[in-house]
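Both complexes shown next keep subunit A, but they swap its partner, so subunit B is in the first and subunit C is in the second.
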Partner chain A sequence: MMFVHFAVRNIRAYRNRSLVTILLLALTTTMLVFATAFMDGSHAKMLSNAVEIYPGYIQITHRDFRDKPSLDNLIFDTGSVRRVVATTPGIAAFAPRFESFVLFAGDAKAVGGMLTGIEPAAEKKLSRLAASLTRGAYLEEGDGNRLYLGYELARRLKVEVGERLSFVGTGVDSSFAADTLVVKGIFNTGLFDFDATAAFVDKGYFDRIMMAENHATHFIVLPADPREADPVAADLNSRLGPDYLAESWRTTMEGLVQAMLVDSIFGYLTLAVIFIVIFFVVLIYTWLTVFARMREIGVLRAVGTRPGQILRMLVAESMLLALGSVVLGGIIGGVLAWYFHHHPICFSFSEEQFKQYGLAASSMPTAFAPLVILRDMAVMFVLAVGSTLYPIVKANRVRPIEAIHHV
Partner chain B sequence: MDSSFLETRQLCKIFAPHQAAAVQALADIDLAIHRGEFAVLSGPSGSGKTTLLNIIGGLDGASSGTVILDGITVTELAEKELSRLRRDHIGFVFQAYNLIPVLTARENIEYVMRLQGRSHEECRRRGEEVAAKLDIGALLDKLPNQLSGGQQQRVAVARAVAGKPKLILADEPTANLDSKSAANLMDMMQQLNEDEGITIVFSSHDPQVISKAKHSIVLRDGKVAANEHLA
Partner chain C sequence: MTHLKRLTAAIFCLLWTASTAVATPSVDDIVKRVEANLSGETAFMRLTMVVRTKRGKRTMKMESWAKGRDRSFIRITYPGKDSGITFLKIDNAMWQYVPRIEKTIKIPASMMLQSWMGSDFTNDDLVRESSISEDYHAALAGENETEYLLDLHPREEAPVVWGRIRMHVSKEYLLPARVSYYDEEGRLVRVLDYLEVKPFGERHYPTRWRMLPQSLDREGHLTEVIIEHAVFDAEIDEAYFTKRALKRFSQ
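Coming up: the complex of A and B.
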C-alpha cells in the first residue's frame, strides 16, 4: 500500500510528465474506441444495407440452384418448404420469391431486367423494398399486373407512376409469357445496379402469368436474431432434407464477407501501426522520465528498498496513469461513438465510392457497444503498462551507486 | 568493545579493470572499527573515501577482498540480501542530502521504518523522537525543496538514524553546509552516537569536522596512510 501511496505522490509531483502521458494515452484510447466503433458501425451498415435491402439473412433454394440457376432447379413445392420453415424455431418471418429475367418495353425503349414475384405483406418484414418507396405506392396482395420498380429502371424505360409498359419472359414450362404492366410505385434503395434492373409484382399474379403456381426460385428467411443466421440455417438444412439448401448471408454474399474481412484487416493493420507507434512513444517517454529519476531510484535502493519493491512502485505508477488515461479516453471515445451512433456521420461527398461497397447511404452510424469499448480500454491498458515495463526493469537493474550518480 | 564489528580485509577496488584507463581506487585496505565508534575517513579528494564507504555499505562491489559487518560478509551478499542489510543495519547520509523529493520530511524519516514493517504509530513516535533530537520537529510537514541545506541534511541524518541501524555511513555530510551548520550537525551526530550507541563512520576533509572523531583513518591514493584512535 505504501508503494501505491508513493506512486500517487510521484504522479502528482511530476505533474507535467503525468499530464503528457495521460493525454497521449487518452488520445490513443479515444482513437481506438472511435475507430473500432466506426469500423464496426460501417460493417453493420454495410451488412444491413446489403442484406436487408433485398437478399435477406437466409435463403432456401433447391440444392443445385446456386450452381445452376435453371428452371429445372426450382423449388417445385413451396407448400412443403413453407410448412417446415413455419415449424422451425428462431424464425421471425419468411416468404417465397420467384425471380425471372425478362425484357421490359416502354413506349420509347426496351430494357432487360429482373421481374420478381413477391408476397407484398411478408416482404415488408423481410426486406426494405417497401421502405424504399419514392413515388406512387407499394404493392398489395391481389394487385394483379401492378408493377413496383426501381427508379433507374423507370428512368431508362421513361415510365412514371400510372403509366403502362409490357414485358416478355419465359414461363416455368418454358412457354412464352408476356403481359402489360401498370406502374404502381417506384423505389430507390440507393444500390444503383439493383435500382436499374429490379421490378416486382404480386406473386399471385406472377404465378398465373409464369405458370409458377406453388413454385419459387428461393425462400427468404429472417431469423428472430439476425446474428443467429448460421445456426438457424443449419437447423433448416437438417429439417428440409437433402433436396434443399439453406444458406446464411455469409455464403450467399461471399463477396461482401470478403470485402468486410479485407476492410477489417486493413482497419486493424492501421490500428496496429498506430499501436506500435504509441507503444514506442510511451516506451521512449517512460525511458526518459524513469532515467531522469535514476538518482531517486538509487537513493531508494541505498536506504534498503528492494528492486522488487521499486518495480512495484513504478509499475503501480504506470498502472494508475494508464488506468486514468484509458478511463478518460474510453469515456470520450464512448461518448463520440454514442453520439455518432444516434447522429450518423454524413459522407455525401463520397456516396458513389460507398456504393461500390454495397453502402446505399451517405451517412454512417458508429456502433455503440459498451463491451467492445471495455475491450478496447483493456487492450490500451495492457499496451500502456506493457510499454513501460522495459524501461522500468532496465532502470531497476542499475547498481544503487551508479543510479545515485546517474546524470 | 567488540573488536570485530566492522572489518575490511585486503579490500581492493579497480574501476574499469579491463581498460587501459583502469584506476585503482582502493588497494589492500585492512581496517577494523569497533562497535559504537565515531570514526572519520579523511584524506584528499580522490583518496578513496567515498569508494570505501560505498563498498562497506554494499552500494558498490569490491574488486577483491572482504567487508565483514557484525559477522556478516557484506561482499558475498546478493543484491536482495544487500537491500535487507542496508534497510535493517545501515543508515546512509549523503553529501547531497538525497532526500526523496516527493515525500515530506516526516515521510522521508519514516520511510526506512516503513520498509522495516514497523507500525504506523511506532514510525510516527520514533520519527518525532529523532526529529526532536535533531531540532527539526517544526519542519516535519515540509517538502525537501522547502528546507535549507542544513535542514535537509538534518532530515537525512534523522532518516539514517530512525531505523535504529547498527552503522551509519556518512559521506562528507558537512561538505555543502556553512561552518556553523556543519558544526551543529556534527555535534548532533556525536550526540546520537552517544545516546543511541550507533557506530558512525563518516568521511570529511574538513579539519574542524575531523577533530570531532574518536578514530581517525587517513587514506591516500587508495591506501591507509594513518589509522589512530584519538582520546
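Coming up: the complex of A and C.
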C-alpha cells in the first residue's frame, strides 16, 4: 500500500510528465477501441447487407443443385418441403423462389437477366426487396404479369412504371416460355449487379408460364434468431432427409465470409504495427522520464531503500498511469463507438467504389460491444505496463553513487 | 539391266509419291470441304429435334432454309405451343420472332452461350459453327483407313468459346463423323456425332446428329437432330433472309 502512496505522490509531483503519458496512452487506447469497433461494425454491416437484401440466412435446395444448378436438380415438391419447414422450431418465416435466366426485351434492346417467381407477402419478411422500392409499387399475390425490377435493368431496357416489356426463356419442361410483362415497380437495393439483372413476378403467374407448378429452385428460411442460422440449418437437414440440403449464409456466401476474414486479418496486422510503434514510443518516453529521476532513485538507494522496493514503486506508478489512461481512452473510444453505432459514418464520396465491390451501403455503423472494449483496454494496459518494465529495471540496476551523480 | 531396274523403280517411286500428294488434300482443304459439304450452296431441310433429359423427352419439328454458310432461317412447326417461332441468322447476328409476344428480338452477345430452344445446342452453335475454317487453325493429328483426325485450335483474337476442337472426318464423304469440344482448360465439354449418312441427289449428308454434353450440370442430357427431308442447291427466295421474314414467314 505504501508503494501505491509513493506512486500517487510521484505522479502528482511530476504532473507534466504524467499528463503527457496519460494523453499518449489514452489517445492510443481510443484509437484501438474505435478502430476495432469500426472494423467489426463495417464487416457486420457488409455481411448483413449481403445476406438480408436477397440471399437470406438459410437456403434449402435439392442436394445437387449447388454443384449442378440445372432444371434436373430443382425442388420438385415444394409442398413437402413447406410442411417440414413449417413444423421446424426456431423459424420466423420462409418461402420458395424460382429463379430462371431469361432474355428481357424492351422496345429499344434486349438484355439477359434473372426472372424470379416469389411469394410477395412472405418475401417482405425474408428480404429487403419490398423496402428497396423507389418507384411504382411492390408486388402482391395475384399480380399476374406485373413485374418488379431493378433500377439499372429498367434503365438498360429503357422502361418505366406502367410500360411493357417481354421476356423469353425456358420452362421447366424445357419448352419455350415467353410473355409480355408490365412494370409495376422499380427497386434499388444498392447492390449494383443485382439491380442490373434481377426482376420479380408473383410465383403463381411464374409457375403457369414456366410450367413450374409446385417447383422451386430454392427456399429461403429466416431463423427467429439469425445468430442461430447454423443450428437451425442442421435441424432442417435432419428433418428434410437426404434429397435436400439446408445451408446457412456462412456456406452459401462463403466467398464473402472469407473476404471479411482476410480483411480482418489485415486490419489486425495494421493494428499490430501500430502497437509496436506505440510500445517503443512509450518505452522511450518512460526511459527518458525514469532516467530524468535518476538522482532521486540514487538518493532513495543511499538512504537504504532496497532495489525491490524502488522497482515496486516505479511499477506501481506505471500501472496507475496505464490504468488511468486506458480507462480514459476506453471511455472516449466507447462513447465514439456507441455514437457512430447509432449514427453511422457515411462515405457518400466513395459510393462508386462501394458499388464496384457489390456493397449496398456507403454508411457504416461501428460495433458497440462492451466486452470487446474491455478486451482492448486490457491489451493496452498490458502493452503500456510492459513497455515501461525495461527502463525501470535498467534504472534500478545503476549503483547509488552513480545515480546520485547522474546528470 | 540392273541400271534399268533401278531407273524403273525410281520412276515408279516418283509417280507413286506424286499421285499420293495429289490424292491427299491439305488439312485446310479438308476443313473447307467439310464445311462446304455440310452447308451446300443452298439447303432446305425438315428436321425433328429430340431433347432428352433426366426428366423426360421433348420433340420439336422445324423447317430450315440456308444460303451459303452465313444466312439461315428456321421456323418451328411443332409443338403447337411453339409453332411459328422463327429465327434468322445473318453472319454473326441472330434474331428471333415470338408470335405470342409479337416481337422480334435480337439475341445479345451475352446470351449466345444459352441453350437454343431448351436443347444441348447453344445460340452460338447456330452462329459460329459455320466459321470453323476462319476461326481455327487445323492440324492433322492422325488418320486411319476411314477417317482423318483433325485438331483445331482457335486463331489469335478469334471470338470463339472453345479452347480446342477435335474432329473425326470421314474420308469417304469428307463429312464430320464426330466432333469433340474442349474448353480453355482442356476439359471435354460435349461430343457431337454425325450419323447415318444418306444420299440426297448427288450429295451425301449425315441425317442424325447426336449431341452428348459432358458437363456435370447436363448429366443425362442428349439432343438428337434427325434430318427427315433435305433439298440442296435449289433456288431459295432471298426474302427469307431479311428481318421482315421473321414475322412474314412465321405462319
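Everything that follows uses one rule, which is that the second predicted complex is superposed on the first by the 387 of 407 C-alpha atoms of A that agree within 3 Å, B and C clash if a C-alpha of one lies under 4 Å from a C-alpha of the other, contacts with A are read in each partner's own complex, and residues count from 1 in each chain.
As a convention for this text, a residue touches a chain if its C-beta (ideal position, glycine included) is under 8 Å from a C-beta of that chain, and two chains touch if they have at least 3 such contacts.
Just so it is clear, the structure is predicted and the values come from calculations on it, not from any experiment.
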* To do: Please work out whether A:R9 is in contact with subunit B alone, subunit C alone, both, or neither, and reply first, second, both or neither.
  => first
* Now for A:L71: first (subunit B), second (subunit C), both, or neither, which partner does it touch? -> second
* Asked: Just subunit B (first), just subunit C (second), both, or neither: which does A:A302 touch?
  -> first
* Which partner does A:D173 contact after superposing on A: first (subunit B), second (subunit C), both, neither? -> second
* Asked: Which partner does A:L371 reach: the first (subunit B), the second (subunit C), both, or neither?
  -> neither
* Asked: Given the touch rule stated above, what does A:A86 touch, subunit B (first), subunit C (second), both, or neither?
  -> neither
* Classify the contacts of A:A108 with the two partner chains as first (subunit B alone), second (subunit C alone), both, or neither. => neither
* Indicate the residue numbers of subunit A shared between its subunit B interface and its subunit C interface, in ascending order. => none
* subunit A contact footprint on subunit B (complex, rising order) -> 54, 57, 59-61, 79-80, 83-88, 90-92, 94, 98-103, 111-112, 114-116, 159, 163
* To do: Mind listing the subunit A positions that touch subunit C in their complex?
  => 67-72, 101, 103, 105, 109-112, 166, 168, 170-171, 173-176, 178-180
* Taking the complex as given, what residues does subunit A use to touch subunit B? -> 2, 6, 9-10, 12-14, 295-296, 299-309, 399-401, 404
* Okay, in this complex, where on subunit C does subunit A touch? -> 51, 53-56, 58, 76, 79, 81-82, 85, 96, 98, 100-101, 103, 105-108, 110-111, 114-115, 117-119, 216-220
